[in-house]
Structures are given as C-alpha cells and as structure tokens.
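Look for chain A in each of the two complexes below; its partner is chain B in the first and chain C in the second.
Now for the complex of A and B:
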C-alpha cells in the first residue's frame, strides 16, 4: 500500500498531495465536506507504516501547554516512556502567557471565606453560559475534579496562589484561584520543573506533520519536522517517531489562525486582534480531522470583553477590568454615560454587548475599587488605564456623556447599598464600596479573539472519537484542541482547569493503553 | 497562517527616530551583513575594523570623515560612541561587535564554509550562563532575560541575530521599547 487510503477512496480525485499543498484550514474543511473521509469506516485516513522509525516512545505528546504537560507528567509517573514535542521555539503555548486563574468548586480558599459552592453549582454555571450545548459528561468531569486538581497543583507541583479567590464573570460565586505572579507561567513553570524532575524535557521546534494511522485504525506514530521555524512550512527535517502506546494531542486552540477562524466565523478577520501567542493555529486540529476525528462546534469562537484596544494582544489592561472595573466598578457606553450589561455576565454576553454599541466601552473604578489590582502603575504608565482627579476629567478624556455618567454613579451606588442591581442583576461583592473616592481610574474596552470552544470530540477517557462513532485507537486529546466542554461560551478560568483535568486523564489513559506489536 | 504585522520575524520600532537610525545603519551596513562572514571566510585574517577587508576596497561603509577604524576594537569605538545618542547598541550588527571584539567566524561556527545555526550553550562559552546574562539586565523592568513567563530559559537567538536584524521576542505580545543589540 503506497497511497493514502483517503486518496484511494476519494470521490473528487483530490490527491493527498494536492490536499496538503492547499492552505491548511481551507483544505481540511473542504476535504471533509467533500466526503472522502466521512465515508471511511475505521481505516479512514490510514497510511502506509514506515519500515523504520527514527525514535520510539510509549507515549508521544504533541504540545507543551497545561494539557500536554499534565499528560506527560501522568504518563511518565505511570511508568511509560514519554516525549513532549512542541511546535514553537518556546514551551508552554498559550498557557504560559495566560492570566493565571483556575476555577475550582469546593476548595479550601472558598471554605476559608465561607463561600458555599459545589461541583453541581459550577456545572450549572457552565451550562448556562454554554447555552446548554456543552457535552454534559465532559463538563461534569471538569467540575467534579476541579478542586482536587487545584490541590494537585499546590501539593504535587508547588504552585503558589494568592490568598483570596477571585469572582469572574458568569460564575455564581468567587471560585478562581489566582497565581501570585498573575500568569499561567505560575503553573506552567512548576509543571516544567516537575517534568524535568521526572527526566522529561520539552523538545521545541517540532512540528506535527501527520499521524501514522495503520489499516487496523490505530495511530502508531507521527511524522514531525524537527528544527521547524514557525510559520515556515518547509523548515525543519522530517523525522518519524513511533508511539508504542499512544499519541496525546494537546495542540491548543486556533485563535491566531486567521484563515481557519474566518472559515468558521467570517466576522473574525485579521482586523480583530487576538490575545493568543502566534502559534495558536489549527495545525494539530487539522491533522486530527484528517485522520478521522469528529469536529465539534468549531464556529463558537470567544472574544474577551476585558481587552484593551490601547495595547497589543492580551496585554495587561484586562487585569484592571477583571479585578477593578467589573467587580468593584462598572462599564459604560460613552455615548450615553449609562451601563449597558451585567459586568459579571459571561464573556459572550459582555463582548456582544460592547460590539453592539459599535464603539469602545469605558470601564471605571475608584480608589477603593483598585485595591486588588496588580500592575496598576504599569497600566497607568503605558496609558492603558488612566487616572483622574474627578469624574468631570474622566468624562472629558473619553468624551463620555457627563450627566449620564453622574446619573450612573448615583444609581450604581444606590443598587450597591440595597444589594440589588435593578437594571442588570449583577451580583455584588461582599466587600464592594460605593464608587465615590477619587482618584478615578478608567480604561477603554474592545473585544479580542481569545478562545476557540470547538475542537475534536473526546470521551470521558480523553479518547478521540472518529466519525465512525468509535474511539480512534492510540489517539487521545486534551485541552483547547477538543470541543464540547464549554459549549457556546467558556467561563473565565475554566480553560486552565479543563486542560489540567483532561490532560491528566489523557496521560493516564495513554499510559494504560496496550503496546502494539 | 500568520497575521500580518504580527510575524515574529518582523521588527517594529515605536519611535520614528530609532527607525530612521536603523534604516541609516542598515543602508550603511547592509553589505557587511551579507558579505562579512563569507568574505572573511575567504580571508580569515581580516581584523575587525578593517571594513574594506570584507566589503571591498571601494566600499564606503562609514560616513565620510569618520575616524579610521583599521586595527581598532570595540573599546576604541566606545570612546566616541557613548550615551543614548551615539551608542552603537542595537545599531551595529552583532557580527560586527563580535568581530571588533576579536570573535571571528570560526570561533562560533565549526564549518565556516557551511555554517550551522548556533545553539544557546555555544553562546555561553563566552557569555557564561543564562543567570549571568540575566544579571546584566537586572536593572531593566521587565528583565527580558528573566521574564515572568520564560524565566532565564529563552534561547539567545529568539531575539539576538548576528547576521540579520535582531528582534524583540517579547513584542509578539507586548510593546516594549528597549533596544535589542
């Protein structure tokens, strides 16, 4: 067998070579809808096995973010030989630049603050935000394992969190642990250390070119390009790596992949900025689809409502939004000076509300509202957040309708006093104070592409499910490359916990897989 | 796949003046960028400061009236090129600062006929260690050699290029204005 299976069974005469030549994202989707792959049973996407492999391991992990590292640590602890392959020149993917928040229900910090929470409450929050299209069994696992996973990061990895849980939008109660350095690096770096202590180093600049799927339907290895220089497709040297037990795909989302995301949601052109690292492309996802994985909800792409148009990418301004303006202040439409959405609603509700106004929103907090805001000086220094002696100056700077703004302050303070937001039903923090103490702080807000909820289908054991409705033997996946956990909308800090929960499951499952001969 | 303007290989400078300086330096020194190692390969006895040794006898690589540099080194350059206005940091290609410090092609590349890219640990044969490099920029906030995200673990050549314009890896996401030599 010298040709690819889908090529032989293809109805459109599109050879795999042509298929690969075409721009990645477009090709995958066109090919899938063309029917060749869909018609295949368990051997769809099967290719000829190499006669000789360059290297072999029990478990081959693609990606070095939260999910990939969690899988690597668990597989190695279970006694498997493991290799971690990372496309970029640096480890950690989006995880190492993420905001460092992780949600957990029923945690010690919540107990300390007297916050009542449960896996079921968290699950209901996820379903509500997710518009009910979450894959329930996956969402439930994340909630049930959330608290123990946070404790794993503390006890096994040595992650250090701030003393209080943070209340993020869409969560019924404060439940997010926050790393002391306000970055996901506060979790990833201890994970890298843990992996190193187990004898595992991340091999960077390793691009997944394809899976080797045998006629029996099992994934038996990968072809990679070693020494790959993103985004040069022809860089690096081909290398064949045998996976004696399994491959774990943990390649993340495709937020930075403008062509692919625009296919899924044509509004998300290059004009819309993105909070991700540049390597957050659909490469790994496309390989999984080409090997027969089932796509789930690819067009649900999330924009972050806390993003600043006055800096690039994720930046730091979001810290003011999530720790000051949204929980201890409010957001107004400058045209009216009025609030227009629950500032603690889910991300989609808020991002859509801002986009609907057609212009930047303004997030506002006073001196008391910024007391938990890290890096405030830096934000002010860079002009992302501005500081004002009074509301008049603030209104003038952003051209806000001043009478409207004054009315908003009065109404907001009255709602806070009686503990009920009559307009938008926003929950108030127990330690929130009226917005009346200068100096005032404010930032402009305009959404950016942040997270891709959709991906490939997995089951409770992190097995990748094929379009023939069967697990693809030897292939596991975890993290943002998977779809279904969050449904239509992901809540803040739920990705971190999802990646760690399913990363660990994938690592254990992969290590448990029998060795093929 | 890559978004225009966010290509990690792009180098963006915030200040027009700095950009102009680079254009100027680039125009003056572009020949050096391409030609140096290959020319020196043919003539490894060329010393740093001997512009014509690599660029050719007719090449005018320094501004008219510039002091003679033949036989000189980085310390000599530094006598005039001091302070933010005239510092050569970030303007002089790293190949030149290495050359002027007595580090020739063969000291980094084993096979100068077909040079291989350098690995970070090779840089440390002179620059000691990541920790030492981080110390040199400890006064900078943030310290690019010891960032929150990557600590001291980044490879040198993510930012520092010897044979082309250096870049600021942090600026994939951030907008820092510090100079990358």
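Now for the complex of A and C:
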C-alpha cells in the first residue's frame, strides 16, 4: 500500500517528517536495512553436506554454450581442474543454433571500413534499448571488452568471420562480426576444439538437481543426474560432485519454459512458440534462486516480431519480414486491412502491437520489395511466404478486409511519395518503391519468445550476489542465466559478446578462488 | 543465448525440428519440466525446527496494514487464535498514511449517480494499465469482490465515506470511494477497533527474522526480534513463535528499500525520494523468496510524476501539479523552456520523461489555472509552489531558457485555441483558459517511488506459490508484498481494495488450514 494523497494523519503524530527524524533519512535507512538483512540471510539455503563425493574438481561448470565453454577454457588455462556438465544430449545449448553475430566496438573490420565507434557509443546504444534499467557496470564491461573478445575468438580459437561488419537495428553503427557459416556453431565448434586441446570434454546428459551450500554460506558442490533424458527430471542416476574452488552456472535463459515465463508475463502461453532450443528452461536459474541468488528483471522477455506461425522455432520466414515486408512493404491487421504500427520500430513495440491484435498480422511486399530477399523460393516452397497475382487473391487467402487493404496500399504509396508516414512516423528506405507491382508476396506474423533479459544478479567479477547483498562464496554465473546487462530490451548480436565476456571472467574468477578443505 | 538467424547447423543434425521430435513439442516439454522441478525443489529452504517455541498461535500475521488487519479479523472470526506482528513502533504501515481512496465496481454510490459499471469494466481498466501482464485470475477476483468489500468496510467496520465517488486517471468511470478524512487512517483505525473488539491487539516493534520451514516443506513458525528498533536488524530479542495453522505475510512493498529497488531499476537511487513510510523495505519479501516463494514482476516499480523535490515524501505539492499545472498549464524542461511530454499521460510515461531530462521539470500555471487548487497558500507558504508577477521573474527563479519559455506559452495557447496539441496530443479541459494572466505559479517536479507492483506469487486462495510450482504449505500472503495483480502499472485506489480483498481471503484460508502436530 502506498500513499495516494497527503498525509492527513500527520497531525496525529504519524507524519513522514517524524519518520525521517527518527530514521535519519532514506539513504541511511536503506543502508542499515541492507546491512541488517545479513543476519537473517547469512546461511539461507544451507543444506547438509554429503559424507562422501563421487568425484571432485576445482571448477564445476554447468552448461556448454558460449558462456560455459569460455569459462571452462579460461579456468583450465589458469591451471584448475575443470569439468563441463551439459544436461542435453548435445553440447552447445542455444549458442550452437544462434545466428553467429557478435557485436564489438572499435574493431579492425570497423577501422578497415573507416567506421568510427567506441565502447561508450555501444554502451549508450545498450542503455537506450534497455530503457535505462541496465546494470551500468555490467553493460559497460561488455562494451569495453567487446573488441578484445572478438579478437580472442579469432586469435585463440581460430573463428572465421565474414569480411564486413553488419549493421543491426538499435546499433548506432555497423559493429557486428558475422561467422562465415552464419551460425553460432561457427564459434561453438572452435571453442569445443580448444577445450579438447586443453584436455576438456563436455559431459552431456548431466542435469543439475541442486547446489550444496554449507553453513558457512559457500557452495561446495552439486548433485547432478547422470544419464539424464531431457526433460524428465527423474531420469538418470544421482551423482555428487565436489567443487574444490567454485561452481560456474551457465545454464542460459528460460525462453522455452512456459510455466516459468508465464509467471513473469502471462501473455506468453504455450500458444506462443519460442526460437530457442527446448533445453532453454528455468531449472538452473531456479536452483540459483533457491540457494539465495537475487532475481533481476525477470519479467523482461523479448519476443521476435518477425516470426512465422507456419514453421517451428526461428525458421526462415523472418528473412522475408526483415528484408522485404518491414523495410519495403508493410504489415496489416487482417480484420481491418489497416497498418497498426511502425514496421521498423524496436522489437518490443512491434511484438506487443501484434499480440494486441489478438490474431495474426500479415506482412506484405510486392515484386520490387523482395529484390533483396534471400531464400525467397525456399520460403514459398515451404508455404511460409505465399505468392499472389493480385491483391484480391492475397486478401482472399488471409481473409483480409479488402477495401481496408486497398485504402492502406493507397495511403502507404502516398506517404512514400511525400517521404512522410503520417500514421506511424516510419522512416522510408532511400530505394523504396510504391507497392504496386505484382506478383505480391505475404506471410503470417505472430511473435515468438526469443530471449530472456532477466536472471540472477552478478557483479563485475561474475560473482553471484545473494539477497543479503553479498557474493555467494563459490558460485559464479555468466550468460543468459544472469540479468541486468541488457536491461529491458537486448540488441541483436549483444548476447554472444555478453556470454563470452562474462564466461571468461567467471572462469578466471573461479580459478582464483581458494580451495576449501 | 538465443538465435538471431536461421539455424544453419540444421544440416549438421541439430535442427529444431529434430529437437521437437525428441521432446514432443513445447507444451509437453514445459509441462514435464515444470513437474520435474518438484524433485529438486521439494524441501528447498528447509531448516531445523526449534526444540521449543516461546509462544504459539493458530495464525501468525506479519504486518498491520490493510492486508494484515483484514486477514487478522477474518481468521479470528473463523475461530482461530491470532497474533499480529508489526515491525514499526506504530501499527498501520503505509495504509494509515495512504490517500483513503478505494475502487469498487457496481456500488451503491455509483447507482445513486446513475454510473454504469461492472467488475468486467474494472478488470479491463486494470489490464490496460497493467500492459496486459497482470495475473488475470488475481485481477479478476479483486474486481469481482470490490463492491462487496467496500460494503464490508461500511457495515462491518463502520468506515465513513464521502457522498460521491471520485474519478481517478485510468478508470473508465468514477468508482473510487473516498474516506471523509481523506486518509487511509479512515479505514485503518476502524479496522484496529474491530480487531480490538475481537480481542486482538497489534504487537509493534516485532521484526520477522526468518521462517521455519520443515523438511515436509510446511512453514511451522517464525523467528522474530521483539523490541526491534527500525531499521536496526540486530536490535530486539530473538523470539520463536509457532504457527499451528499458518503464517500470513502482509509486509507491504519495498518502495523505500534503495538497495533492493535499484537491483530491479538502477535509476531509482537514493537521489529519488519515496512517498512511502520508511518501513516499506524488502525484508519480508526477501524472507519469503529465501524460503522458496516465486518472484513476480519485481522490476515494475511505480513513480509519481506529480511529486516535489522541495518537500519529503508525498507532501502537498502534488496537489498543484494534478489540479493546476497538468490540466490547466504545462510542464517544461528548464534547459530548453520547452514541453517534453503529454502532461496528462499515464504516471509511467510522465515519470520516465522527467527522469530522462536528468534534472527537474517545472510545472507552470497562471491565475486562472489555479482556480480549483486546494491548499495553494499552504504550498506557497512552504515554498513548494512559488508565485511570480511575470514570466521573466519565473524564468529567472528556475533558470529557465526564457525565449524557449515564451515560445512554449505562445504555442500552448495556440494549441488550446484550436483544441489540438500538435506536439504531444494532450487533451484539453473544456474550461481551460490561455496561460496569460499573472500572477504565475510554478513548482519543481521530480518523480518519487510510489508503489512496487511486483512481489511474490500467490494463487486465488492467497497461497504462496513456490518455484516448484506448488503452494508452500502453511504460508499465505496478501497486499503489496504480492505481485501480479496490477501487472506493469497500478491504477490509483486499486491498492486499497486489493489489500482488503486478498487480506480477507488469506485470513479465511489460513483459518481453514489443518493444525500440524
């Protein structure tokens, strides 16, 4: 309950000024309150330690995506014994099926093209997209280490990138390196090779069941299920693994976890698909929260507005949306035949607008609009994008209000002609042409869960911060399981760099942790 | 990590379609994953039970605001022995200094004025303000029980309201009852009397240090500090209180807890004041999270855009803002002298816009604009609102860009004349007059934290839901410590009714819980 009007009861000796006097003001209150909490929270989540462990390592890493592998490589190079535990049957998590784009500020490729960029410019881009709620110190580190991290993937891992940087939405300048095979596999596979060269293999089908946190508040090991068959938490055989130095949690986001994500955003039911691999559940995150980690911004979940409901996951239809319908055509609500949002607004604005219609939106472009669209034939062949001789046929196929659609085409072409979108203020491409040249192409659009910005709280050393506002000794985390780096909205290609930057930090920090006895 | 482009590695046997085959699709995955979590999470947060308790009651209630008192009254009426524990020196929490407004749909006062309203209309208002992320079943209950709850305060508690319902922003119709003394004290004091008539007194200076959760996962009591002196968590004497049936958590929001709120929204530093009483910290919420409760939408924190930095807390300056500057004048950025937002937009839009300026905004109205403003002399006397013979003097006082301000006044008056705000689309009051009649009045504006929408997850019976997606036996919660009811943004006067509705439900549910032995 809060105060919606003046404190009338002030006269009765309950005024805020009295409160302030007795407490010495807000900052002091909060400070003391924070400190005070240590008492109650000290051994929160502590459990009995096993009499005997099945195995032991200096550093136990949970997860084998970008973050987990980066942590493993650094911890091993620092001289620690390391084990990598992956719950799925294959290593790589979402990273291996990611787009293979990684952002960096002040890189050789930018220099080559004469692109002026800096860590601060990238930082400002992240804050703007993040609506200012990013954890500043975390976002800054990602930017400052972005260029050297890309060079590390080239020099230490042998990752091969395309010749030019890509310009993605929300970034002030082109700054995204792009793997030659256009996939995160182009980074994950060299990481797996590098790990192997250090004597490290990923143990798959190993599920984190719980942390062992001792009375002294230190994480000293984990209980896992060996031979786990996703998603059956009762599968596999229990195994106790001691972490002499630390555990690094790198279990990724929870985009695929319908029950958990609907708690944070009830709109994201099973009706809404996800671009992630099915292993992207909240299990690891929940274990961390149950051992005392602090939840950060869990309700900020990113949806991709460019997704097609006519294929599973990320698919390929989004290529038509981002290269044709959005920049060279438009998107309409079939019920009215009218546009309803700036087709080039940020992901959140567009996804929310489509969800609000309560049904699918239709993305439309004409012959000239698809000039730059790769894989068009494949999309048409799969029935994700459809081709029409005229607008009548297009309207009939998707049951679009036809007069509305005709009016929309006229208005759109008029706006384009005068270079001003009176309805939604959308910017026009310099080479955009009126939509009037058959054949016409169209696709259904319905957002899919793409990234979870929230997670557990970490500090600059990747230490997991407890709700007592202290690091949880022996526990580090990196990647999408952490929250705060991206704030409200993540920019494309920033996740890859975040995972590598904090994965490396976590690995080094864990290796520097003292051994408990 | 998520996938920003097509899954090129599909050819390498890692396509999502393969994943889907092996898992049988998202819903199945999520379901199983959810169920599977029970294993790991069952006894999460369990601690050793005390050998001996200092005291025992059927129902132990933490907090003495609207929610705690409503729960106490209902549990006691249902025949349970009850104790109410309040950490501050005085009972009432924020409720006793709240505005005394409570929303209800389909009430006698509405009928008297011929106002058509329904639970569904109120529900739609909440969803709209909440950006659709409200927990639907919780929001609906508040609406459905709103009218009967107001009648309960009248008939069972003897609360006295003004003769007419008030129309607050975001509500489709006038539906807010208003206590005659314009304060929540007008409801809390009758509740305290009612409790006393049932033999219940509030024990003040009693701080919740921890829950006792047994191996069976049931909350069986609490450790408190008796004689606690806020905010020193090490003050007072430890005491163990057994809860034979259940504990009801009603500790309110965390608006005053700078360390905790900045984790969720780093912009909300100590530089930003709070309209709450200083006891509004996250201590109770954190104890619940540490015992396994599920965090819900913690990063949605509401700021009041009508607040003055020249007084502490809620103060009185907001009256000038909401009754003069916003409806009959305007708000400018002193650096430019220009307006920067629709002065009648929702709280979040306006507060974010003021924060974005990085400094104070100035609210301005002229002689005609303050016609309806109560307590104007008091505000001027306190120096919160200042009076000027002309715009030059006003600009000089606040170091406002004067040419900019002159231009703004001309533009504003022109918009008003043609009835259209070309810049921000702000609606004009039918009785608004051009700003041109000295003396001029102005105040500084800087948002203050007002309400925390997020909290722990509860179900329709006020049972606290664990991260294993099961009720935590023996633990109920109600009021601002819970999340989901209001979603992203709370409407004025909805907190009071929420607290009373779920407080009563929690009290009844707790009383119906079986006694453990």
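Operating definition for what follows: the second predicted complex is superposed on the first by the 353 of 517 C-alpha atoms of A that agree within 3 Å, B and C clash if a C-alpha of one lies under 4 Å from a C-alpha of the other, contacts with A are read in each partner's own complex, and residues count from 1 in each chain.
Keep in mind that, in the parts below, contacts are C-beta pairs under 8 Å (C-beta built on N, C-alpha and C of every residue); 3 or more make two chains touch, one makes a residue touch a chain.
Because the structure is predicted, anything quoted here is derived from the model rather than measured.
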| message | For A:101 in the superposed arrangement: first (chain B), second (chain C), both or neither? | response | second
| message | Tell me the contact category for A:230 with respect to chain B and chain C: first, second, both or neither. | response | both
| message | For the overlaid complexes, name the partner, chain B or chain C, with more touching residues on chain A. | response | C
| query | Which holds for A:292: it touches chain B only (first), chain C only (second), both, or neither? | reply | second
| said: Under the stated touch criterion, which partner chain does A:259 make contact with: chain B (first), chain C (second), both, or neither? | reply: both
| request: Would you please give the residues of chain A that touch chain B in one complex and also touch chain C in the other complex? | output: 89-90, 92, 96-97, 181, 183, 185, 230-231, 256-260, 270, 274, 277-278, 281, 283, 312-315
| In the complex, chain B residues that touch chain A | 1-4, 6-8, 148-151, 153-155, 158, 171-175
| query | What part of chain A is in contact with chain B in the complex they form? | reply | 24-25, 89-92, 96-97, 181, 183, 185, 189, 230-231, 256-260, 270, 274, 277-278, 281-283, 311-315, 382
| request: Over in the complex, which chain C residues touch chain A? Could you list them? | output: 1-9, 12, 14, 16-17, 19-20, 22-23, 26-27, 29-41, 44-45, 65-67, 90, 92-101, 131-136, 181-185, 209-210, 230-234, 252-253, 255-260, 263-267, 270, 273-278, 280-281, 283, 286-287, 289-290, 292, 294-300, 302, 312-316, 319, 352, 355-356, 450-451, 454, 457, 467, 469, 479-480, 484, 492-493, 495-496, 499
